[in-house]
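These are the structures in question, set out in turn.
In the two complexes that follow, subunit A is the common piece, with subunit B as its partner first and subunit C second.
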Partner chain A sequence: MGLEIDRERIPGFDVEGKDADGMDKGILTLSVGPQHPGSGHFRLIVKVDGDIIVEALPDPGYVHRGEEKMCEYRNYIQNIPHLERPMIADSCGILYPYVLAVEEICNIPVPERAKYIRVIMAELNRCIFELYWLGIYGIFLGHSTMFMWPMADRELLIDLAEMASGARVTHAYFVPGGVRNDVPDAFPEKAKRHLLYFRNRLKEYKDIFYDNPLFQARTVGVGILRREDAINLGATGPVLRASGVEHDIRKVEPYDVYDELDFKVITMNEGDSFARAYVPWLEMYESVEIALQALERMPSGPVRTKLGPNPKGAVGEVFKRVEAARGELAYYLVSDGNPKPYRVKLSVPSFREIPVMAHLLKGAKLADMPSIYWSMNYWPVEADR
Partner chain B sequence: MLRELLSPKRESSRGALDGERPANFNILVGKLSEVLVKAIDKPLGYAINWGRLWSLWPVHLETACCSLEFGAASGPRYDVERFGIIEAFGSLRQCDLMVIQGTVTRKMAPRVRMIYDQMPEPKYVIAMGACAITGGLYFDSYNVLPGIDGVIPVDVYVPGCPPRPETLIQGCILLQEKIKRTRFR
Partner chain C sequence: MSTVSEFTFSNFVKSVLWLLFWILIIVSLIALPIIFIVLFYVPPPVINGVEINPYLLLTMLTNPQVGAPLIRPTLESLFFRIAVFPGFTFAALFATVLIFAERKTLAKMQLRVGPYHAGREAFWWANSLGGFLQLIADLLKLLGKEIIVPSGADKPIFWAAPAVLVIAAAGLIALIPVAPGWVIADIDVSLLAVFALLGFFPLTVLLASYASNSKYPFIGGLRALYQLISYEIPLILAVLPIVILASTLSLTGIVEAQYSYWFILLVPIGAFVFFVTALAELERIPFDLPEAESEIVAGWLTEYSGMAYGLIQLANYIKMYALSALFTTLFLGGWIGPEFLPSIEVFNVQVLSSGEVSSIFWFTIKTFGVALFMIIVRGTNPRVKIDVLLRVGWSKLIALSFINVFIAVALLYLGVVGVGH
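And now, the complex of A and B:
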């Protein structure tokens, strides 16, 4: 009685029989997106039975801009700016494998100093992205302070990146053969100061956000991804590590100077939304550690190998992957000996989270949707390419 | 004085409250409204424009990567809330500003139009980023519209890729200037 919905008296609700999709007639189909309070430019078709989601069908593709096709009619250098646009919050991370791949196919050596600068910039960008994501996660769970704090701390790191590269978010800083320009003389000292401040500041996030009973009530035990499912569905990055799998490309397949630096791979065993929000926070400490170590060891010297006007690739193919802020990011590049690539394929972490998201939403409450959606580290622009 | 008042051939000026009046309009009411209009047109228009000016609520609609700098602009360092701009997460019916944050693809364009049609009048549009203006970096892509102005009318264009938050704020101030000078209808 009382709270029980009397379905037979609601028009359109017929408990008996199936509809055209073969679903029970008592099941309501909701179209969430692409304009809605809980997410970005992405659509989910959710079928709910009362408050429980029976099925979630993702509908991506609202920002498909044809990056891969565009690569084919631009040369290796012209491809740099538009390839970082899918994920401008982490623009160094998304450009990193492309630059590594072009260096291998065109056989370009990289100076030692440039490798260290790249590592520093990649780690700064990892923090910049994770702070942005944490802010958005906070505000969609109704925690405005958690929007304001990371957004403010992020600006300090953006200042550093801007000092080195000249642009706030779209740096286009990595080029085949090193980095575009050397960092200013004042950079190492200022970077150290900002990073130490930032590390102290991170501690306060625990008090205001992670220990907050409201945040815990909405995330602990929500959307549990078991270890086997994480592996079978192909989750990457913090989502995979929050389910207890120790997998980090920086350790498994070190690129540039990551094998000389000392850092831990963060894992947690819970696999719920809380763990998926907690792992990036712990990873930011590691990123600060890596950046500080790289700043210590950075040698002096040139930062860029001089290239001819239109570098040609050797005939062949190359596959390169790095650990970006959201997980494993890979480029597959085929060259037929021309200055333009024959085929470029991006494998982006966000796209790989879609099946995981659909799996987790099944059986969850409708009200848990924002917390699951945002814990996935899903970024529609990157997923659609 | 009285004859002048009752004279049927008085030209009625274009009132701001009810626009053009026919010649045989009730003269007394006409005079009254004219006096009223003269007295309150400016202050009323000013007050209504002032209200619109400082409560521009953008729709929560992201179309591409420029949304990142929109987020940064609502953060503490740039803080567009100073200018009365705060994202309305609740409903489209509370919004009067639409910031097109970057690329609009063929799949997104009908949805943008649908959202625009659902917003109540008065509504304003800011096209943010090179992509929303001309297609930007993606001018030769097969799935990107060459600018949003074929789909919805645009008030202010904010160039950049992405525009810095300062540029976006300047665009918002330009829009406020525009509203200030619009005659209230």
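And now, the complex of A and C:
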């Protein structure tokens, strides 16, 4: 009974020759997930040579729910609640393009006030999501305080969303023809107060997290995604903008009232993990700015167009996309004139980050895996749909 | 169909009473006769010329004054020192308080409450302590868990590793003086012995990780070894000026050399380097690479469960106490502080002098302060990478340590401090 590891008993630990996948000798295959504290409902097959990752194979599909097929069995209104489920942290973001698409194919007008309320809720949800993401980024790098602070501050914004919609996370607030109900009278004032507090609070995140030399040592220059790679691999959202591409659907293809509001598209040129973590932080300032402007300009009036019991779509197809918190989120909707859609196709940003992730992890160190993986803004549940 | 009956309170009470009944039977029929048989053959211990026999113990029940002169000799006996104070019980108690303090302090930093409910309703006086029984609950949870040994594990080493870690950590506290004369092993080279014992930990970690026969523990063990390479040399170099200034390797001697100045005032760089490397030695954030959760699950601890895991955590916190105490001893003047507490007397017989009580107080306070500092570092920093730790350890910390040594030598040559001062 020696101290040697019995190599035959550990799959993937073949020192002699090559393993089944033809990898070189001495390569250790790690199955990161689906039961791993740093993976989520997702598996990443990582092959390491010493401390260097020689290959990373993303393996999604553990939480596939068949959202697209489910859409074909329900009518346009019934589809609303279950379409939020893939991304409950950003439930308005994932519902937004569906509502826009249904409005176009069923030819439903939207009142002006509803458009502003939608923008406010979408931006609140963007912040709610980014905070959740940032907290987990913190704990992925071992920073437990950064895990707790955003989770606590997220409650402020959740309170606002609850005040407007009545639900904490799965709002089901956007409906074809506006929003489900008007916001309470006290909402604008309370929203301004919370948002201003939140904007001050963001500065403290920089103090404890982004300015921390140890955090910078872990992320600056790690997993650099060059501009052309970002475009070729189809990166989107903050990942794309962190690589210096100024692409934001809110500016490129403005929907609702985004073209009337004044905001900047945040870009950074570094393209490393730090930039991918820093861009969302800067974007939260912009989100607060957008929400405050929308609160100022919000007109009074109805918030919802009265619909018939079972709206029918015109025969045809429609493609709508919005800038969700993780990037470009698009719906392709085909209608054959029935109350139920013929086909609904979701194009979610998380799924589009998978090739980028595989590209960046190759050649990185094992210790860089959490910082790269989580900076991708990858959400397994959303990617699997 | 489940064969397990539903939980009812009457059944619970019945089972507790049944348990008590059997304990009573076993104690009266087996344990007591064995004790008396042993007493018949083994001579009772003699303390201070008095034979401690059962009759004396019974006498003490009615007339406690008889026992008063025996307390001090008991405190000075080696068994008491190893088992209770300043030995294992004290260290384990300190470790327990540290865990609670860590959870509460981190909670305060993170805008949380921390352990709150356990024990709050049980005792009216525990309201301000809030949740101190959570530790007992955690202990019971760990005791109740199954210890799963992975198939293919090298079982003797896998089982031995937690025990070895606890023993090595307990060995550290044997060398640290708590008050004048209050040390278990007062040897001339206790500082060297400390480093010899510290060398046990990474070796045990590597063996445990190897014996687990699993991938993540294996990576964790290798990381522990990397970490050892990067911090061990600065750790020893940081202490070198202390030896130069105090011209002794005995920890008691080092404390006694600080009556005029604490060494942190003379060699602050050394204190900084020692603190940083102590964090690395303890595998605490920011240097918890061997158990980095998001990368390698729990590192070398991955395959440990139940009380084996509990023992490792106990060893970690006893080690944290030991290294905080070492920092206090080396840089903060150990037990040195103003004498202000009254002496402890039992029936007009002095048990602890005023100086001893104050010394123990100052030592405990300083050690707790150092440990609190380690907790605050944990709350404000993320984990570093192994290459950063290697680079910092080899380039910056070693350079700082050498500067520190030069400062100490210069102080010695200029006659500011040294032998005779």
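Quick note on the criterion: the second predicted complex is superposed on the first by the 368 of 385 C-alpha atoms of A that agree within 3 Å, B and C clash if a C-alpha of one lies under 4 Å from a C-alpha of the other, contacts with A are read in each partner's own complex, and residues count from 1 in each chain.
We adopt the following convention: a residue touches a chain if its C-beta (ideal position, glycine included) is under 8 Å from a C-beta of that chain, and two chains touch if they have at least 3 such contacts.
Worth saying up front: this structure is predicted, and the values here are computed from it rather than measured.
**Q** Could you classify subunit B and subunit C on subunit A, in the superposed arrangement, as clash or fit?
**A** Pair status: clash.
**Q** Go through the superposed model and pick first if A:L30 touches only subunit B, second if only subunit C, both, or neither.
**A** second
**Q** A:P81 contacts which: subunit B (first), subunit C (second), both, neither?
**A** Only subunit B; A:P81 stays clear of subunit C.
**Q** Which partner does A:A152 contact after superposing on A: first (subunit B), second (subunit C), both, neither?
**A** In the superposition, A:A152 touches subunit B and subunit C alike.
**Q** So, does A:G66 touch the first partner subunit B, the second partner subunit C, both, or neither?
**A** first
**Q** Quick one: classify A:K306 as touching subunit B (first), subunit C (second), both or neither.
**A** After superposition on chain A, A:K306 lies in contact with neither partner.
**Q** Shared contact residues on subunit A, subunit B side and subunit C side combined as an intersection?
**A** Correct list for subunit A: 36-37, 147-148, 152.
**Q** Help me check something: in the complex, which residues belonging to subunit A touch subunit B?
**A** 34-37, 40-41, 61-66, 69-70, 73, 81-82, 85-89, 132, 135-136, 147-148, 151-152, 154-155, 168-170, 381
**Q** Once bound in the complex, which stretches of subunit C touch subunit A?
**A** 106, 109-112, 152, 154, 156-157, 207, 210-211, 213-216, 218-219, 285-286, 288-289, 292-297, 378-388
**Q** Given the complex with subunit C, which residues does subunit A contribute to the contact?
**A** Those in contact with subunit C are residues 1, 3, 5-6, 9-10, 12-13, 28, 30, 36-38, 51, 138-149, 152, 208-209, 212, 214-215, 217-218, 365-370.
**Q** Can you list the residues on subunit B that touch subunit A in the complex?
**A** 59-65, 67-69, 71-72, 74-77, 89-90, 92, 103, 105, 107-108, 111, 115, 137-138, 140-144, 161-162, 164
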